[in-house]
């Protein structure tokens, strides 16, 4: 295995610091060429880097290992110190490769198609009033949302924008999508969890000239009043290389500070036969 | 079909109004005898009646048709006027029979086992301080909740108590459970949606002498400090007879008043080429 | 009183239907002229009409009576049928005139000043990423919000946009403002209620070229990165003519459907000695 | 000042460790005797200790300085290392004494009266079903809550139980109370902020034999179906000795971890001319 050539897709897509010849042992190749032949993508950066890598990899489904250069991420679990060991583990087949779903968004009456790992958002585009998002699931009317925006999220995206908008945390292995409005005009609108084999059809109305579509937090494009979007599970997955000593639940507790208690000065605990709080 | 004998499990389990001989065409039978031979259970009352019927039916998985004597329910869809037609449809095979999951709760170190159609709740039992609920999913620590109570809900229960406690709406066909704390001491605790093939282990600590277990809103029993509960998907389902002209989404919109808009005097609508709000 | 001349500020600010001479008994006058001499403003339309009227009236503090042409509003309480009676009541001194606070927003390093009856919102302007809003109250750092937007609301505005964003309902007579972020990056951010004699200073940062300021749901202007806004209670109030038979609480229950119960088919009630729900 | 005798109300109300004669310089006196003559109460422990001290002090309004033996509290700001200096400051008049409101709860048709510094809670008492709390503010019906419980909180209590139940954070200087239901049957119920000169009348109905009243997290008593509670601002205040270098906002940010960002690996910051997040 040590003789194996390892190609690295550089995470800093537009880095001015890495140039051909700078590092003799690094072969700089166009992204597309790397994608064609790679067995593993090391995404160096953080969760955002993985989101962008997914767009390059697409249907090729090359396993991605996220290396977090800043701190623990929901997706990027490997610290720089662990990289060599984790790549060894991967090459030795000692890693779990998790298959995560993506969302596909087709713009009806056009050839446009987008893929999201976290979420798609249709948004009122910075103008003053709300938009109306008529939402059908498998042909049945779910709701006609009057809101600032509507998020459609994968389980992976449940800890991203949807969480900011009051959505639930959804464990990656579940086969669902989340439909979650932002600032709806109805107080009874709540996040809705639907099966991921559903077809979600959105027809979006505005009194202004356009609405905006975001993919994984990036603005894709503006669309005219009445545009219809068809969302469904993508025909391919993202393969995430997971470390056996890291669980989703552990990352969750760590990132969301679940050990903290805003009311008591110390954590309550009856586990050890005594209350540690006083 | 008209010659077929139809046994009815009376919904008002303790009704003083219905006695042997009162209605010549009604044969009064013990519930257990009905359960042994019935092909269809008509639950006359509302969602609560169905919850109680499920406890009687258990593993027999007899289809239930909910007849709502008060108004549309999430489970009881058939109005009294529609009963005859719907039973005809059922007998003719013109109904969809939906298979809904139940939760099973085993009390460790005991023989006790309970089944819930909506939810199980472990609760601080009306005393002043919180309880601690150490929660493991498939052997991994999800969180050690410091809260008033913890709800574990099926998708069916997502529109019941869990919704009051800020939980998401979960479409029945999804294969998930919801883990949702009430008044947690951590502001970052959010409802968590887990796969329904998970084993959820709760160890519950209190500084008082007991905690309480509720099933579908009914108090089951009090348990001592340190009791462990093992929750998983029950080995049988509830078969709900659904009408083809009623969808979950339609019931949702109707029950939650999703057509109402608290901000505008009329509903916005750009659908018809004009804004109806002014 | 019947001989008194009544000038009406027409609510439809740009109505093509009302022209000089069309109604012989109507004198059409420029808005500014009406404002100078009016004793009462009848805002015909709804809550939105009152919001716009307030901008015209400003420091003159002329009492406003909202006539709701579409349905009950939070501000516009008088139905068309009641107008004559309510105006009579007003002229006879039989109405309560409620004094409601406004927010004043000064753009530092400029001459710009705006007034809001509901709220001011600083917003990320439809671009993809969040903005940072460093928020100081009376010189002390409240928080450095990383969010899509920040709402600063009067009690009057608590039932408008802030409510959509999860804010509390604040009774008009309270002397407070609400600081409420939209989709914050921190799960522990909650709406904050501050005294209305506070000075709230916002410094807004973006990685894009601009942020947007909204006043009562209307886009005011775009501002560059680093713009500072100083918000405080306006030196004048809005005088709302209130009917004695209408209370804020009644409007609240009516508009928010507080009589409805999503869980039971009927309302529970033990008040009359029996439970009406079954 | 150094010759002044300082009496200390011991925070550990039932401590077995401190006995007469144990410390020669400590005079052990009955609480009531201390209360009669003290100029300053040092509450050694945490926020809970202050809550209990307030019950002893009552109308005497003796200033309280909270010494936090476990970590920063919302009320107990002084660390053990700072005590001597802070007491010196107090004796020299170099401290701010903040006047905080209390809630008074009268049980109608009885002589019972209670005072709360954080909150009163009427609760369903651990039984299975909800209670109905008919809530009138100044004689006007606010709502008839169908819920597990209803919290009435002071601004001081806004960072305690009410926050767990989704309530807003209310700055202490505001003159308001918070009315906040737990798990209401209506999805449109939101926390309501009312002026603190309001009289809040609760009539509480249950189908079981009793409801429970909690004060500052402590169970007071059970009451029968139909009990009426009259809540209003107490005729005296709590005087909290505040340090000039500690602000409510700073404590808030520290206790609620407002510097943390669950989405990005580092905090965004455009303040220093660059984005620190990548």
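Here the chain labels run A, B, C and D in written order, and each chain numbers its own residues starting at 1.
Everything below uses one rule, namely that contacts are C-beta pairs under 8 Å (C-beta built on N, C-alpha and C of every residue); 3 or more make two chains touch, one makes a residue touch a chain.
In this text the structure is predicted, and so the values were computed from the model without any measurement.
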**Message:** What's the farthest chain from chain A if centres are computed as the mean of the Cα atoms?
**Reply:** D
**Fill in**
dist(centroid_CA(chain A), centroid_CA(chain C)) in Å evaluates to 37
**Asked** Whole-Å distance, chain A centre to chain B centre, using C-alpha means?
**Response** 32
**chain B and chain C: spacing of chain centres that average the CA atoms, whole Å** = 41
**Complete:** Residue numbers in chain D touching two or more further chains are 161, 163-164, 185, 187-188, 190, 256-257, 260, 262-264
**Asked** For the protein chains shown, what form does their contact graph take: line, ring, star, complete or other?
**Response** complete
**Fill in**
Within their complex, chain A touches chain C through residues 123-129, 147-148, 161, 163-166, 182-185, 187-188, 212, 214, 217-219, 256, 262
**Message:** Applying the document's contact rule, which stretches of chain C touch chain D when the two form their complex?
**Reply:** 130, 132, 134, 137, 140-144, 146, 155, 158, 163, 167-171, 173-176, 178, 185-195, 203, 205-207, 225-226, 247, 249-250, 252-253, 256-264, 267-271, 275
**Request:** Could you pull out which chain D residues touch chain A in their complex?
**Result:** 45-48, 68, 70-73, 159-161, 163-164, 187-188, 190, 255-257, 260, 262-266, 277-278
